[in-house]
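Quick one: the structure is below, questions incoming.
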Amino acid sequence: MADILQILILGLALGGVYALMGAGLSLVFGVMRIVNLAHPSLIMMGAYVAFWGFRLYGIDPIVMLPVAMVILAATGVLLYKLVFEREAKSAKYSEMTVLLTFAFAMVFEGALATAFTNTQRVTTPDYAVDAIFIGNVFIPLGQLYAGIVSLVLIGALALYLKYSRFGYAIRATTQNREAAELLGVNVNFVGLVSFAIGLALAGAAGALVSFVFSFFPSKHWEWIAILMSLVVLGGMGSILGTVVAAYILSVVAAFVGFFFGATLSTLTFFVALFVVLLVRPQGLFGEKPELA
Amino acid sequence: MSSYDTVDQIVAARKAYNETLAQAADRTRVTWLPVLLLVILALFPLMQFVGNYNYPIHLVLYTLMYVTMASGWNILGGFTGYISLGHSVFFAVGGYFAGMILARYGVSTIIMAPVAGLVAGLLGYMIGLITLRVRGPSFIISSLALVMICRILFEKWQFVGGAAGLSLPINDLPVQWAKLPYYYAFLVMAAFGVWVAYRVKHSKFGLGLRAISKDEIKAESAGIDTRFYKVLAFAISAFMFGMAGAVWGEYLTYVRPNIFVHILYFSVWPALMCILGGKGTIAGPVVGAVLIVAFNEFFVATLGASAINILATGLIMALTLMFFPLGLIGTLARYRKLPRALNWD
Amino acid sequence: MSLLTVKNVVAGYGDGPAILNGASVDVQPGKVHCIIGPNGAGKSTLLKAICGMLKIRSGEVTFKGESLKGLRPDQVLRKGICFVPQERALFPKMTVRENLRMGGFSMTDKRLLEKRIDEIEERFPILKERRDQHAGTMSGGQQQTLSMARTMILRPEIVMLDEPSLGLAPKIVQEIFDIIRVMAADGITILIVEQNALMGLRCADWGVVLDLGRTLFEGPAEEVLADPRIREAYLGAKKAA
């Protein structure tokens, strides 16, 4: 029984981080209908920002988090302006953008690996290896902190989307781009800002990931499938759905890992992705198969 | 105030335009270049009599393997419009199947290649039945998931050697001739791949595939069995990858999950070659394969690191997609600048 | 003096063929105009060209003497022309109240916006009743009411409706046309495209027959209804709903 509880807690602790990793992806898809396969490689970039901040200047990764967000947001503005704005009129837009983001995933991976080699890295603030004990079960402190920060950021995003004027514009564009445009929303600008926010979230996730998982540039391939499984299960574009899916899959993966070993634990995400795409392409919360 | 007269004029003009297009295609189609290329490549190993051409032979062989795969990928990705980034799965399946037969019974993979292709094709048919139910980005993502799943399965499957893979015997030919069996095998496969692509494109089947790529719902309402067509296209492309993987295993003398289920080299590259050369054209994958292998050689020779290689592949892909989405052959054809020699359609 | 003049407009989608081949319409202030014509005649295309969703290849669209050519949809909206497309243009996962707020997205005065939303809710009690319900969960007629009511928040001069009766039950259609008359009584100039030509013309002051991308006939709605040639070609097969 204690075992079960322990696994559940470990799964939930990671769920928050996965949720944040997927949230930006979901936002970008919602507003721009871009399946951003480069998102995980951008998270990787955020992780390196935090890593070097800690390694060179001893700055705590959670303190580096805003820095990573700003750097990634700037990257987002640049990418949007140089690449995605001009693709908006492309005939096979969704397919085109998938291939393009895939290409950029390779560019970022290659750039990171060239600059920092493929050595396995991890940021090691004190709390990363600490844990608190409650009776027989323990909660790793690093994962706990990362989970809390993730939930705070996602909560802030949700409030912003729900109540700010620009949040209205973002939601409206997600739900009906043409109608939003007709009502006076500058959808291109909304796209730019959402893209930047999405990448800022990738940066934040990267900073947290840097002390939760060990990482190296080519690891983003594994994350692609993991994150895709979250957003696809949650219903592409639904941030709430992504969060719920993150917790579900994270817990399931923790159990699979406990009973069948760590390798098969990752397989959970891949198989879930495959099955969801084929059985219910709209995901848990989607209403129509937008991707199909 | 009727404008029926103008409508008639427009229809007539359209018909005339279509006819000139058809005639132009007829006049520009050439067969001598592919045939000449084939003859030159068949005679190329004779160079071994006058010097050491082991490395150039390796490069040509490597390119030919990619011509086989890119031409196969083209049938699904180019004609049908289903972009797969997971075909390394079929490359690996072919490699493992033929590798196991070689390791157990000593039958050369060159002989087994067509069988390995069939096994991969059959698997492709079955996977296609499932994954081709979704299209567009969903299909692309499902193909990525397939690679991830396949990689883990091969690493866990002890029967085929787990993560260490299979070791295969080295043939006992003298060094300068050791590569030749594989060289000719790949030459035949590449020619076969291009020929199949050509035959498919000019068949009713190929017409159906192109209809699916344009508008699947309309194609279906026009009476095309879209499901069967798509799945068959998937199986044919998987067949090409399976054959290539089979012979590549013996050539390398080992089959290993991290090499064979490699997403960059055996999933992305064939796709990229097609896109760069021109999706849906016959010469496109060939030109793309030559270009990518040449680029790769250049990068490896000048910069060495594999990380730069990934960076360069990504950049080439991004720039091609942004500025030449139709690929080299497609863009040239669009502006009517395509040299006759490269119009193999 | 016409409020909006469309003159010899040629337009189409992307690089495709021209759908409009020199369409012309005169929109009179304060009247209800109904554009009829068979499928593919270019009716919806005309509205999209006016509101800036499609590029006008040649011809002229002037509103109060100013050209609308080359303006973006949000700019046309600011001039006072609202467009309700066929798909109703609602945000399915936003509440009714949030949808109304989106209607005033281009307004900067938040208090004025809330005041106008309150007014709208007074006039359309159903919207008040459902204010916290997601728009996507309402019935077709309620959705159409919402999208029409939403345009009134901006107090526009012209409202263009693309097939407001599409997919609605006959009884509901009558309600929708009643709302159109109410809007017209408020002094809003209305331009509707209607498949249900008889119904549309009966509600309208002015009729326009469009076919093959050109204006075939324009005149008072009763005249269009009475013209035997038009009755035969465009109204004959249609049963009154």
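Think of it as A, B and C in the order they're written, each chain with its own count starting at 1.
Criterion: a residue touches a chain if its C-beta (ideal position, glycine included) is under 8 Å from a C-beta of that chain, and two chains touch if they have at least 3 such contacts.
Note that this is a predicted model, so its numbers are computed, not measured.
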| remark: Farthest chain from chain C by C-alpha centroid distance is chain B
| task | Give me the ID of the chain with the smallest distance between its Cα centroid and the all-protein Cα centroid. | result | A
| request: For the pairs A-B and A-C, output the one whose chains share more C-beta pairs in contact. | output: A-B
| Just curious, how far off is chain C from chain B if you go by their C-alpha centres, in Å? | 51
| Chain centre separation (chain A, chain B; CA means) in Å | 33
| message | On a C-alpha centroid basis, what's the spacing between chain A and chain C, in Å? | response | 42
| Which residues of chain B touch chain A in the complex? | 83, 85, 130-131, 133-138, 140-142, 144-146, 148-149, 152, 155-156, 263-264, 268, 275, 305, 307-315, 317-318, 321-322, 325
| query | In their complex, what parts of chain C are in touch with chain A? | reply | 51, 53, 73-74, 77-78, 82-83, 85, 87, 89-94, 98, 101-103, 105-106, 136
| List of chain A residues in touch with chain B within their complex | 35, 37, 83, 86-87, 90, 94-96, 98-100, 102-111, 113-114, 117-118, 217, 221-222, 224-225, 228-229, 232, 263-264, 266-267, 270-271, 273-274, 277-278, 281, 289, 291-292
| Of all residues in chain A, those that touch chain C in their complex | 165, 168-169, 171-172, 175-176, 178-186, 287
